[in-house]
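The letters A, B, C, D, E and F name the chains in turn, as written, and every chain counts its residues from 1.
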């Protein structure tokens, strides 16, 4: 019997976000044996489904079902579990019940790390709200008096913010570049599930290539595809590198 | 008949905060004749009472009672009044009724200054929420149309943010160092009321000594113990020094 | 038949704000044929009507009526439409219904640009709340699934933050200075409608003159009166100048 | 007789910089009738000519000659004049004589705007040094007592910082996106003059496409290729847009 | 025999700076018995004497003499001593000899506080250079091994940055407002010595009035004229206020 | 035959700096088989040798010799090599020759990482100057045309800034905490070589303990002593943790 598998948690406002911004990290850690769980807070049904609404007479439920199906396929292709909160988008309205559920997920998954949105985003208020929520739940999960259980030990995992659409406008300062070369093919194929957003396939392929070249420059080691992250808390290390 | 005594207000999320972060200022100003009132928003019953929850079968009410007793003893040793809001912690949930009460307290105490938490704290969402609340109430208290009374005159006091646990991660930029040498013994004895957090006794003793040395360097005057604060609003002065 | 007139939207917490901070821009764009609509979220009845409350026995409704009348006169003199939300001030409490109405206004007015408050203001929590609200509504207004209508096309307008009372304390960084020479007389006459705040007439006249001199220095072109704004999103241009 | 042509000045540390970072702006404004002058401070002979140094026995003069020829061809293809300062690179060492010449160029060209490097760049100290130099000369050029001439009138032009290789690490905050669709073919063909840096052809093509998509999102107007700039001084405008 | 008089040091790039930006503080502290010494690094002969250069045939020496005379009169009216370094302006070029002299002045004056320029100023490179120089000398003055003298004791004084012409563009964040009501008449009369800059008389009168009103708001105490300063180092205090 | 040993480079303004700020990292990496080389730019002879200057008649050469001896002993106890540049302190004056030597050292040592000072320090101008110098040399060392050698391959190492005396005043934002438990005894014993600065022994012991407790909180793993660092460039990683 070996050590228990490591795990990771991804808190995403809408379905596209975990694909464009963190699909490489998800697929890569799955390949390395991590259990990865995605919490998708809303279906992006109002604000990120322009194409669906072009069909006259389409209903909100139809749009949500369509986006849910896509999100499930995407999660599956990346190798991750997914849970939906159906909080509504534009604006995201997160409830106390959702917060409780989110805390339970932290405690159940016991993630080695958490991925979520940048703290600011003037283009999309759902993103910082998702980030705030993910971080609030993370802190509550470590509170001994929240559903107390003297047997449980738990410590709060590191948080990495994934890249927003327009990084400089969101005060996003990447301090980690993840080499996703091994996971790239999977990430790119997952883009194609999001069939209505073809323009973003190329956009985020370019982002991956440019972050990859930056990764090569910063490390002096060859790499092609990268994802940029901003670590929120200090890394605690046994050796500098 | 002399001038009325000066007064100060401390808005603290949890019981430990006013001790570790502002205990010196409280004791010092009490020694100088100030009336000091502490508003303690929550008992820290869920998030800051790990030791209490190690006892199997302990109830929330027992934990709260225990923390309340400690907080009362600590306030008393420092020479301050204390009022509890019992807003719940992790997360702190402040209501309209609490806001009204907080405004009344501002108007009743008429503080010369207010002490509260830093504006950011990625480790503890209750802290910035307490700070936001203290500042919102401060502004409302000066609104002529809030419980109007043409006889009353009132102006908003300066606000000093006290030091968070990991200052740089909270964007805390101290611009005031208070010499607490005279109050140190009282502050240190108050630590000992918080019997379950012995590791923090030494931590915050070291903080006080290091802030003291920085105070000495910045002023050229000998001092041993200090507390660091961040003034939110400009100081208005009659002479530079 | 010419092109439809351009339009602009102003989201103001209280009546004075759109006069002191954006009165020049409003009057100037009206002169240039813009339809300008002001949304005034509260009457400033509690926090910005000191003089009214000095009258013993005055009621909240009387104060609101008085401020509403002033605001209507001011909007009219500037040449703008005005709509009141009566959200209450100190603190401003914006509801879901108000958000829906605000989104409808965006879609109805289709503004070329939006003016609102700075994002931070430690002196007045209503101001950043108004700014947050204006920006949230702006993003929702462009969501295809919010009251979907396949016929509608809409894109989010640029946002300019107007100058707060103490700019540096609000992290206000002006990157646009608007020459309001042509509109100055109108702006100044509008000040006089706010009869109880005479000290601010001179204050904001000085602000306009100093921003005007800064505008002259930055452009090398003579101008006398200016208003400072902070553009939130990048300007997209066909030529640099 | 029409008005005199407008003009622009580009201050570039090394030959590649004005191509990758500002080639679109240069070609576009040339198309619009501007005189554009590039000042190329160094040949990038030591720090940006890896391929040249791979040839055993190559001399510094040979490398400089090769890079100069490339830079001249690139300037010519973009339609701009170019002047070399040969200040040496890694590190750039700018002299008083060069500063005097730079001031003379400002006064001779009388640019409508200036393009130069970002103010910070931890990857390349020559870039902020070039920016500092360009800005120092700009200020001196307007000093009445520098080579005084009562006939001359001159005012300092706006400065736009062009995009560094890793924008977030350089605190680069773009607030202007220039649509370079019309100039793109020229810019791209100019890349090909820099034959040894093929990997950057694709990198900066991706940058242009992604800035173009951002420009489309920010403006609601279709565009394909963009260049991002950071305006240093406030824009002074007659109308908001 | 009383205590020795207190003293203050002002390090100004050009003659106008100490008048517009710090004239109130100088006059006020002189009234309170301080010895105030101004170090004026350059005469502003090239960059801040436009009017003088309008006279055909005027020489550099004549311009410098004229500005020196003005500066002496201004210092005298404010009640301060003045020493000129004649370092040249636009750009200021400070030498090792000047640094040595500056250090000697610190040791001789033993100032209670130092006033100098803001740390950034994109409009005027001489200003941050003067600030850097003032601060470098301040640190050297306290070095035991610089012209060692075991008898001497000396500690570095607090530094206050005075207000630049366009504060937000210089990242100036005032945290001190000095009430200069008592000194205002003297400051205003000193403006009139700078006869060629009449437009600035009114500009800086407006600045003083607006800072005064801000001072009143921040303190709740009536005042009319203010000067804004940014404290560089933490204040070390015995009581909060 | 194993892989060549790893190595690290430390660029320190004065002798104390590498002990107080980086002594743990040095000793720890030596224990792990790294070659560590310290470049000590000045002896701190003027600004950091107060005690030495208390002896009447002591000469500069004597002070320097004394400090050099201490620095050699300290380096030796930590297990590192040391090279002195004797650049002079207060102010540090680094020459072109020193820069060339520094570049040669980079190429000879080929460090896996570099440790140096924070980028800002209003208390001590030598510190940011040392940091600037270390970073400039790092970039030049990778320039193919600086002492070209087609055989050489070299890429620039990551840079970690060590903790200044008053971190918040220096804009120091630690994003790495190094566990130095294994090296602590060595670090502490090295303090004792700096016999004249006993007050700093305790100060930096407290810093290490508090950074250790923060490390424990951030990681959830027990540790006692820590050193805080700020990584300048993004970490490039194969897995998030």
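Going forward, a contact is a pair of C-beta atoms (placed from the backbone, for glycine too) under 8 Å apart; a residue touches a chain by one contact, two chains touch by 3 or more.
Model, not experiment: these values are computed from the prediction.
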item	value
Touching subunit C and also subunit D, the following chains	A, E
Most widely separated chain from subunit F, with each centre as the mean of CA atoms	C
Centroid comparison with subunit E (C-alpha atoms), farthest chain	A
Fitted rotation between subunit E and its twin subunit F in degrees, CA, nearest 5	120
Chain centre separation in whole Å, for subunit D relative to subunit B (CA means)	53
Interchain centroid distance [CA atoms averaged], subunit A/subunit F, Å	38
Subunit F residues counted as touching two or more neighbouring chains	123, 169, 174, 214, 233-234
Every chain pair in contact, whichever chains are involved	A-B, A-C, A-D, A-F, B-C, B-E, B-F, C-D, C-E, D-E, D-F, E-F
Sites on subunit B touched by subunit A in the complex	45-47, 49-50, 52-56, 58, 60, 63, 89-91, 122-125, 169
Subunit A partner contacts - residues on subunit C that touch it in the complex	99, 135-136, 139-140, 142-146, 148, 150, 232-234
Sites on subunit A touched by subunit D in the complex	123, 165-169, 172-174, 199, 202-203, 206-207, 209-210, 213-214, 217
For the subunit C and subunit D complex, residues of the former touching the latter	8, 25, 28-29, 32, 112-113, 115, 155-156, 158, 160, 174-179, 214-215, 218-221, 223, 226, 228-229, 231, 233-241
